[in-house]
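Here you go, one structure.
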């Protein structure tokens, strides 16, 4: 197949590169989920690379977020069930975290909400210091993140910073994301591609069994148990059904959500403007 | 009730502020524990704010530490038992960590020993870069910290730094506390109030159910089990009963402990002077 | 006994210092394992110091790595079994992590592979900012690290950075090691000895029971369960038996492995040169 939502460079057998390409802002939709699922299925049969790098063709957007239109929701619901039996998006991320390949997110541009969830499920996150923007802004719409961040963050950045990221819903630039441990490192943008390429190529020369052993042992003690994820997704869908969230989403769509707009560029800031604090009468 | 140990600003229903005020140095005593317990009881009934900020009226002391006089110990022992059945101080902190409100410590001045324990039990810790001083100096008196730090720190800052903080008993300024993950961030003091206020107000506009969901899921994987705490408190009281600790405390009281004194300002340094290393004869 | 692989300064009863001295590059061999085992046996009987510092007589090598000659392997296999029944090297590190003394690694020079494993099993790691070099380069030879890093790192530095350290096998200087939490702090080299000495002397004046209580409570929640280690060692020996690893080791010995050589100085870089990426035909 030729995927529609990303290009796949498999010209180097031990090092593959997925470059997201879903204009206008690299939304995650049913097609992307389906295509990534097919790719992962191949890799799960140990027919894939030692190292799999994810990057983006759009310097402003790594993966903007989930396509939250009702149309996309129906299409995702219609996808064939994945091996785990979980919702297709959770199924994909659980499988991503277990792939028999080293997975690296090369984050330039925005990776918010489900885009951040994707990055969290990869093994290693490198970020452009100047161009990366990460965050979990779901709370600003009125929802808990649905596919893992409440499981990943406390283990990755500690409870205090996990709460700040998830309850605050703000944007994190590369430097702050590095300081918090949200990403491994923030690399100056003009060195970013070389840095990631050098690291990925190095690891791709290493013994496959050694890489698999390391991944297995580290997963044994650091992967959240699968069963933590579905209740989060349930809480997310319950939030989506609340009228207040629907009202915020409607307004955001009017203001430019899911378009190449200021709203999307500064979505962390935008979601802080829905509400207003009231003094007591 | 009008609390005696802090002021409560509840003029904004979704954002309350507790400002500690217990001169001369904001000691934690039986009255403060009782009053905070009453406040938490209201919030536990979901009659409270979305966000609860703790700060201090004294720029030198957030919460100095526990009042370790025998008089206060008797008064604490006479408090009505809390819902958990634990010692009142542990009961208070366990409840704090589970409150159905986002809790933020805005730390300016000293937060040592029980003052640090209080901050650890809140969700988010912001510190003044220049004015915050955190530490667990109990070891210098000859005691393990009694209400949680041995549970919180390894999960928050990793085992190596947990050991350094707890075994070294030194003072940590804002910048180092941030580097270790002891606090979320250290903010320049002249921006500190605005930073905390802006963050707290933002979160206070968010959907209550979303905030509660996030807190619940993060607590599920990052709150130490309640049963870890009581043995720590038992070990603390055993230490207090040791004559060597009593001798150090007596000397410290003579030198200015629990007064507005150099001893209290530099307590981390002070406790390093009790002992002396002896060479072999 | 007078140890052959290190000097022991026990002139201050509460603060002992082990200074590794095994020219040419402080390899870990059967003699060192045996001698450290005897030392730990004394300390386990509570006949030791409050604080035990490990440093090196060689400013370029803290502990280079394990002596991987077949001769040494036979000698290690011939050591009397340790109390845990595990392989002698795991046995030693498990006991190190449980010692009734505060253990501090003062890392100046290289601490790679088993040298890094040793440091990870101590309570606190201080590093010379300019002279420390840490890393787990086993992956470059084709092996998973055998004695704990896949257990220690995810809990110490988070999953993402654990993967980077273990899958990348690169050298980490003092500053980066500090940023990742691999070490507690990186201290400018000209202040390094004073810093470590001041900290160690301070802790050595503190109450023994308080130190033991802290160590016990922190160990309760942060020490990997013993049973995690043996499967890692099994996977390591399986890797050692693979012909590709043997070929890399043979080449490395020819190039200067285990000698005072450029290969050892820059071993992290060196192991990245074994392989080559091939494009598809």
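A, B and C are the chain letters, set down in written order, and residue numbers restart from 1 in every chain.
In this section, contacts are C-beta pairs under 8 Å (C-beta built on N, C-alpha and C of every residue); 3 or more make two chains touch, one makes a residue touch a chain.
Computed from a prediction, not measured in an experiment: that's the story for all the values here.
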Next on the checklist: Could you classify the chain A-chain B contact as same or different, where same means more than half of all interface residue numbers appear on both copies?
Outcome noted: different
Next on the checklist: What's the rotation angle, in degrees and to the nearest 5, for a C-alpha fit of chain B onto chain C?
Outcome noted: 120
Checklist outcome for this item: chain A and chain B have mean C-alpha positions lying a whole-number Å distance apart equal to 35
Checklist entry - Residue numbers in chain A touching 2 or more other chains? => result 155, 157, 181
Item to check | Contacting residues of chain B [partner chain C, same complex] | outcome: 138-140, 142-145, 150-151, 153-155, 157-164, 166-170, 179, 224, 228, 231-232, 235, 239, 242, 244-245, 272, 274-280
Checklist entry - In their complex, what parts of chain B are in touch with chain A? => result 10-15, 102, 123-125, 155-157, 178, 181, 183-184, 199, 201-207, 209-211, 213-215, 217-218, 220-223
